[in-house]
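Just so it is clear, A, B and C label the chains in written order, and each chain counts residues from 1 on its own.
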C-alpha cells in the first residue's frame, strides 16, 4: 500500500526551538492512524505541515504522493479539521455548506445535507451559536463532504464533553466504514484513540518514538516483573523501553519479537496507555540526560 | 438485531469481544439461523470502534462457519450454537455454587478463588491438549 | 470563492452603498439649485460687468453641505482602508478561520486574489462614484472660486480614486503583516495620513517643474505687512492667477536674497510702531506703507512660483498614478508574503 504521509527528516523550528525534529515516517493508507503524545510534543506541527499550513524548516514531506497543498486537486484530496475547529461565526450552517460547495469541485451536497439532518443541526443557525460538539461535527462534515482520500484531524475531541466526543467518533467511524478514506487524528489522550485507531504514532518531545500497527505494537511489547536486575542484564533481543527498580524488584517495559523464555520473569501484556506512557517516560529521561550532559560540558 | 458493547477494561481484544457476544447470543438462542448481523457501519455508528475490528470479528465468525457474508446484502447467521448441554447448565450451576461455599468456608477470598479456578482450568485444558 | 468573499463582505458593502445612495439623493436634490443660482448671477453680473469671486451668491448658498462633502471626500479613502482593507485578511489570520479556507480546494494565492480583487474593485468603484457626485455638485462653486488647483485638489476628479486604492492596499498589507485587526487598522490610518501629507506637501510641488513669474513691485497691494515679536515681516499677496496653484510668492533681490529683518527695520521704521494688521485699508494706504513699499521695490522684485492652470489634469493624473502604482506594489508584497512567509 502506498503511504498517505511520507516524511523524511522532517523538522520545524520556531526561532531557536525545534517543534518537530528529524521526523521520518511512512504512514500507510487504509488505516485510522492515531498520533499521540503530550501537549507540546509536535503533533499539531506535524499535521499542519501535512496540510500545507506550515512549511518545513528541514527535511521533506509528501502527502498522497504530492507536496502538501501543492495544487487545488491536491487540496481537494485531503480533508482537514484544525485544532479548535475554526468556523465562521457569522455564517450559518447552510452557509458553511455553500462554502464547501463553492470551494470544492468534488463536493457532495446531498451527503453533507443528510449528515446535517442526521446530526439535528439547524441549517439557519449561525456557527457562532453552536455548541463545541456541534461545531466539531460541522467541521467534520465540511471535511468529509468533499470525498477526500485522507482525513486529518488535529485534536478534534480535546475540548468536548464525553457525549459529544463519543458522537464525533461514531460519525467518524461511520464515515470510514462507508468511504475509502484514511484517517490521521491526534490526541493527547490514549483512551480516545484506543477504540478507533489501528495504527499508532507516538510523538514525544518533538520526536517520533515509535510507530506501527496497534496489533503489532501490542504483540511486541511486554512488561517483565521480577527480582532486582540491571538493565544490561537483559538479552540483546529485548529492547528496554522503560525500567523502574525498588530494593528487591525490577520492572521492565521491553520490546521484542522473540518469545520470552526466562521463567524468573512474570510476563504481562501491556495496554496501549501504558505503552505510550512508557515511551513518554523514556523520552523524558533522555531529555534529562541530554540536559545534564550539556551542563557537564559547558 | 443484536447490539454490541465494548468493555474497555476487560483486557479482551475488541474483535474477540464481538465474536464472543455473537457466540453467546447464538448459544442463548437470541440469534437464530437466517438472522442478519448489523452492518459494519451500524456497529461502528453505535460503538465508536474501528471498522476493521468489526470486519475481523465477522471474518472469524465466518471462518468458524457460524455466519456467511452476502456481498451487497449483509452478513447472515448460518448455524446456531444452541447448546444441547443447556439442560446440564442448571445442575452444574448448583454444583459450582456448592463448591464456592466450600471455598469460602475454608477461608479463601475472591482473588484466591479466582486464581485457583484459573490455574486449575488452565492446567486441565493443557492436559486435555497434551 | 467569489461567493464567499461577497458573503463575508455584504454587510460592510451594504453600509457604504447605502450611505452613498443617501448622499446621491441629497446631492441630486440640491445640485440643480446651485446651478440655477450660479447661472442667474452670471446673467446679472455680465450686464453690470462686475463679475467677481467675493460677491457670487453661489458661494454662500449651502456652505454646510459643501463643507460636509469636502470632509467626507477626505475621509472616504481612510475609512475604506481601515474598514474594508485592514480586516480583509487580518480577521481571518486573527480568528484562525484561514485554517478552514486554506484547506478547501483553493490555493492561498487564489483566495487572496479573489478577496483583494472583489473588495478592491468595490473600493475603487465607490471612490469613483463618490468623487464623480461631489465634483458634479461642487462644479458651480468651483467655477465661481476660480481655485480649481487649490485646496480642493485632493477632493475632486481622479485624486480620491488613487487615494482610496492606496488606502485599501495599505490596509490589506498591514493586515497581512500584523495579523491582528485592530493594530492593522491603526497602522493603516497612520500610514495613510503620513503618505498623503508627504505627497501633498513634499512631492506634489515638484511633480512637474514649476513656472515662475517675475515682476517688479509697483504697488503696495503686492505686499502684506505683518508685525510680530521678532520684528516686521513682509509676505507676498496672492497674485491674480485664476485656477492656478500658487506655491509661493517671494521677494527676491538681484543677488537672490530675501528681505532681512534688519533691512526692514531701516527701510520701514515708521511701521514698527504701527498697529499690527495686514496691508492697505479702505481709504487707501497710509503714506508710511507707500514709502516702505517703494523702498522694498527698489531692491527686490517679486517672484511667483506656481503651477499653471492648464496643468491641473496632468497633476491629477500623475498623483493618482503614483498612488495606484504604490498600491499595486503593496498588493504584490502581500501576495508574496502570504505565499512564502505565512507559515
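Throughout what follows, a residue touches a chain if its C-beta (ideal position, glycine included) is under 8 Å from a C-beta of that chain, and two chains touch if they have at least 3 such contacts.
In this text the structure is predicted, and so the values were computed from the model without any measurement.
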| item | value |
| --- | --- |
| Chain separated most widely from chain A, comparing mean CA positions | C |
| Most centrally placed chain, judged by C-alpha centres | A |
| Selected pair, greater C-beta contact count between A-C and A-B | A-C |
| Where chain B and chain C are represented by their mean Cα positions, the distance between them in whole Å | 87 |
| Between chain A and chain B, centroid-to-centroid distance (C-alpha), Å | 32 |
| Chain centre separation (chain A, chain C; CA means) in Å | 59 |
| Residue numbers on chain B that touch chain A, as the complex places them | 6, 8, 11, 14, 39-41, 44-53 |
| Residues of chain A defined as touching chain C within the complex | 51-55, 69, 71-73, 75-76, 78-80, 82, 84, 86-91, 95, 98-100, 102-106, 139, 142-143, 146 |
| In the complex, chain A residues that touch chain B | 32, 166, 169-174, 176-178, 191, 194-198, 269, 271 |
| Touching residues (chain side chain C, partner chain A) in the complex | 1, 3-4, 7-8, 95-97, 99-108, 110, 343 |
